[in-house]
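The first chain written gets the first letter, and so on, giving A, B, C, D and E; residue counts start at 1 in each chain.
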């Protein structure tokens, strides 16, 4: 993956969007296996939804892709995982570059204990993006993209922790977007959001299609069906996660191969 | 995704932090190397089990070790409950901005800066004379407790303050009593801070000289009760190094013993705290 | 409970005040700054040079060891491999537990001669600052280390996910989140620096003068007390307690200032 | 209650000069052995503490490393040992002796370079004792100086600090307890003892009374105090039975 | 409100379920008004859904009911609020008894940093509930109710923080249920849950109807429609929340009086 300083984000094309390939990837925390032997192809520039019951390893799988698993002591990832053809699990790779290219939004909103503005400015400065005005533009744009601009524009200097749960989550999404990553990992981005904000975020994710490879964990099967090009269903057996089935969203929802998938899709409410 | 050598500031910072650590480690090695070099000569089982002879130039330090342990034990038995109570008051019961809280905190910070000689003279006036305890292990332990109180209290307070608000919310939502919340949720969560405070307090009390000369005293006899005078390791080291010609070698050996004692005490404190908070974690 | 800690402070203040009363009741406090010298046996009680000495030595020591202490704590958390970090923590604990006489001895035998090569004799402000800095370092490290350990893991995750470099994570996320603990550590450390006696006494030279150079000897208020208390009688003794009183006021001012600074920061 | 007073009767507490504390501790140990059931606690804290505590009755006996002052007539002094002070310089210092005038000039800052007294071209570092110390008093008294006349580069407290300061600094000159200095020089420390007025600084010369700078170490009690055990202890401390202990601590026994 | 030690939970009847009455309740954090003049009646034993955009004050409203607002420095609640006829905002009420009766599940899972088992046992012990065996039964039951028993029964002694996001949330729900409260406040309980767990929890909430007064904040309008007897719609104007409309769920969804409500309901996706 090459740094792409030049060229606007919105002008990026599918060709720039790296594909992700997982080959027999397993994750264990200490002795406990979180999931086992997941082999999955995520097409560049497409939206891939990960669905499955709680605790089956979706978050853990996302964390492998940007190597956030490094942060857990005793967490071991095995197998092969490539992003844009380059191995992610190899030792000594440039983690910062990887993580700049692969944005992630985690399940629990985690804004820094800084002001709203500083939360967004920090990653830009860090990666040496643009000058003052460009940064300002990018920040405003990102806040608009998640529908937060109007709500916070008067209190950009206040602590991000005085925001409501939903506002915090949208701030975190904006913080990831501001870097214009090539791959975006979203861990239940809408779960803390009301339908309006959820709609705003969802629309934005759809707009990013073809500009960005997107992997989204969602418990909202309807949402997966609405926006995902491909869907992967994780399942769990005796406390270990595994990949049950994956393929084009339409096929998964209309003609699931696995009876368990079928039952899961059936159970779909709402 | 080529191999990334940290650039610019990041790299500088990394070099800086390693350098800082190396610097401290080198100075430490130098200092301790000196102590080891001079100290090993006299170290033997006898040294640990015998009484000092000829003003400490000969013999061992058994009574000194015992007195030291007793005084530190007294000091910590007073400091931990008192300090924990004060820390809880500061962190949980008084609003951060309250005048009372500020007053107490300020008192503690001032206390941390009172020279140990003054503690010694004060302890002598209060415990030895006013309260009639005389030169005794008890006077020494209590004086030390006054001295290390701010170290334990302030560190424990910070530990408590750093417990995520979420836990307090959850505990309140469940209708847990204040005591229950403190005992079962806050204290286990604040354990790193408490242990840090404990370590600071123990090390400080082990290393103290001036405050003890005037309170627990200079007598190097094996103590038989808390009301007897007893000499601690650091007083012994001070006497040998500053007051007894030819006492240097024994002073270094005693310093060596003191350091080993320190590690043992701190490690066991950590071990106990881990056991204790594990017990909270492991059910019923 | 808190009453007790406050009571101890008040009792100590009262005690010092009572003991220094014999002097203060006969000698005007102004003379503590204007007398021609410190020769209490000849009725001269100028404490000003020692006041300056205390300020110089402790400020110098804190300026060196606070950054070094924070750096050490950061090193343990973010840079050192786990095993190295563990070893490093043991080092710090040991440093904290070495009695100040031993620091003094080491300073006298190692640091002072080193400085003596630049300019005889070596027992000087600089020696005091260096030895004291090493001595108070552990207080800072232990408190900062605990403060950093409490930085919520979510912040670190967030920082990692954004590809923030280690240094940025430390500077922008971890250190601000641990600020309260760092300030507490610095305060305790300052207290220790101001209050330390034995080591300073052994390496500073103890000449009562306002030093013109870093290699000049000085006497601090604490060293003054420790040096002379054992042999002082009457007004001399009271004058030494007056040094203590002055020290007490000085710490009080430092703490109040630190609080003010802290509050202003919080407002901003 | 009677038991308690009995216990009190068999217990002695002493406090005072650090110079005396190690010696008296050893004497106390022997005294305890000789009189089973008695306990003698020796505390340190300086001559002034010894005087004050004895005066206030906080201790039975005080230890004082100087002569009693004119305003201390309420105390009885019982000499137990003698000590002297001598001038010390670094071993490498070529100066072999100094006259009293030279010493005064050096300590008052009139001579500041070793070459003026026959040494190398090096600045002189004067090591003085802290105000109130009895060695200082003796030194000042002997040379008829005031402490404010002395221009020191270093001020020290205890003897050992003085020895360590001088042995690490080739330019320095100071004065400490003879016994301590002799011990250090004999045990290979880089120290040289200068003769005073032509008399070599040694315990022997101190013993035979030729060395001019001597002081007496005392045990003091409150006048009119009636404590049998204290009297017994003082007699014991002055008796030949303890002379070996006195010599072992590098002092000169009294009364020979 | 009376302690009701006797009588099993499941045997409780509507009569035991306190109604909640809010009369011109406002909440301000320092100077900022979170919401204003909310007057709302929550029927005893019914399920009431609170819906509305992010930041309109839903969480703040729930927090008034069990006085969790006390925990925020500078947070002031004004107006009248009664639970079972007794004023909640009065000074000097028995907060522990109130909070025991009024369970709450917050938006972000917040298990204690203790073992799974201890998380559930702690509230029971604190309130002196039952003996060992009874507590054991209650804990197992609560874990089954949220569908967590099978997943965690082998690692009850492990830290609750080593659970996945959804598992943590279910643990928190179980922790509230274990006390068998009379009023249950749920702040987006299902947002972190997959459809299966979400279904389990939802079913359980429905089962509690008539045994417990339930107020549930949800961003899932379909869920509100499915389970709520009554619905209250919050809205926000210039950063201040207010109550837009409230009434029986069917009426709100089928014949909203306010055009804003209508638009909101329309925007309902999935």
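As a working rule, contacts are C-beta pairs under 8 Å (C-beta built on N, C-alpha and C of every residue); 3 or more make two chains touch, one makes a residue touch a chain.
These are the chains along with the protein names UniProt gives them: A, E = Phosphate transport ATP-binding protein PstB; B = Phosphate transport system permease protein PstA; C = Phosphate transport system permease protein.
Being a predicted model, the structure only gives us computed values, none of them experimental.
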- Supply the minimal count of touching-chain steps required to go from chain A to chain C. 1
- Message: Once the contact rule is applied, which chains count as partners of both chain B and chain D?
- Response: C
- Task: Find the two chains joined by the most C-beta pairs in contact, please.
- Result: B-C
- Most centrally placed chain, judged by C-alpha centres: B
- Query: With chain centres defined as C-alpha means, what is the inter-centre distance between chain B and chain E in Å?
  - Reply: 46
- Find the geometric centre of each of chain B and chain C from their Cα atoms only, then give the gap between the two centres in Å, rounded to an integer. 17
- Message: Could you work out how far the Cα centre of chain C sits from that of chain D, in whole Å?
- Response: 33
- Note on the structure: Multi-partner residues in chain E (2 or more other chains touched) are 108
- Counting only residues that touch at least 2 other chains, which ones in chain B make the list? 164, 241-242
- So which bits of chain C are touching at least two other chains? 105, 109, 152, 165, 168, 226, 229
- chain C to chain A touching residues, read off their complex: 82, 152-165, 168, 172-173, 176-177
- Message: Per the contact definition, I'd like the list of chain E residues that touch chain B in the complex.
- Response: 66, 68, 70-71, 73, 95-101, 103-104, 106, 108, 110-115, 117-118, 121-123, 125-127, 132, 156-157, 159, 172, 175-176, 179
- The answer for chain D against chain C in the complex is residues 17-18, 45-49, 51-52, 69, 122-123, 125, 130-134, 146-148, 152-157, 161, 164-165, 168-169, 171-172
- State the interface residues of chain B toward chain C in the complex, per the touch definition above. 6, 9-10, 12-14, 16-18, 20-21, 23-25, 27-28, 30-32, 34-35, 82, 85-86, 89-90, 100, 102-104, 106-119, 121-122, 125-126, 146, 149-151, 153-155, 157-159, 161-162, 164, 192-193, 195-197, 199-200, 202-204, 206-210, 233-234, 237-238, 241-242, 248, 251, 255, 258-259, 262-263, 266
- Spell out the residues on chain C that touch chain D in their complex, using ranges where they run on. 37-42, 44, 105, 108-109, 112-113, 116, 120-123, 201-202, 205-208, 217, 219, 226-233, 236-237
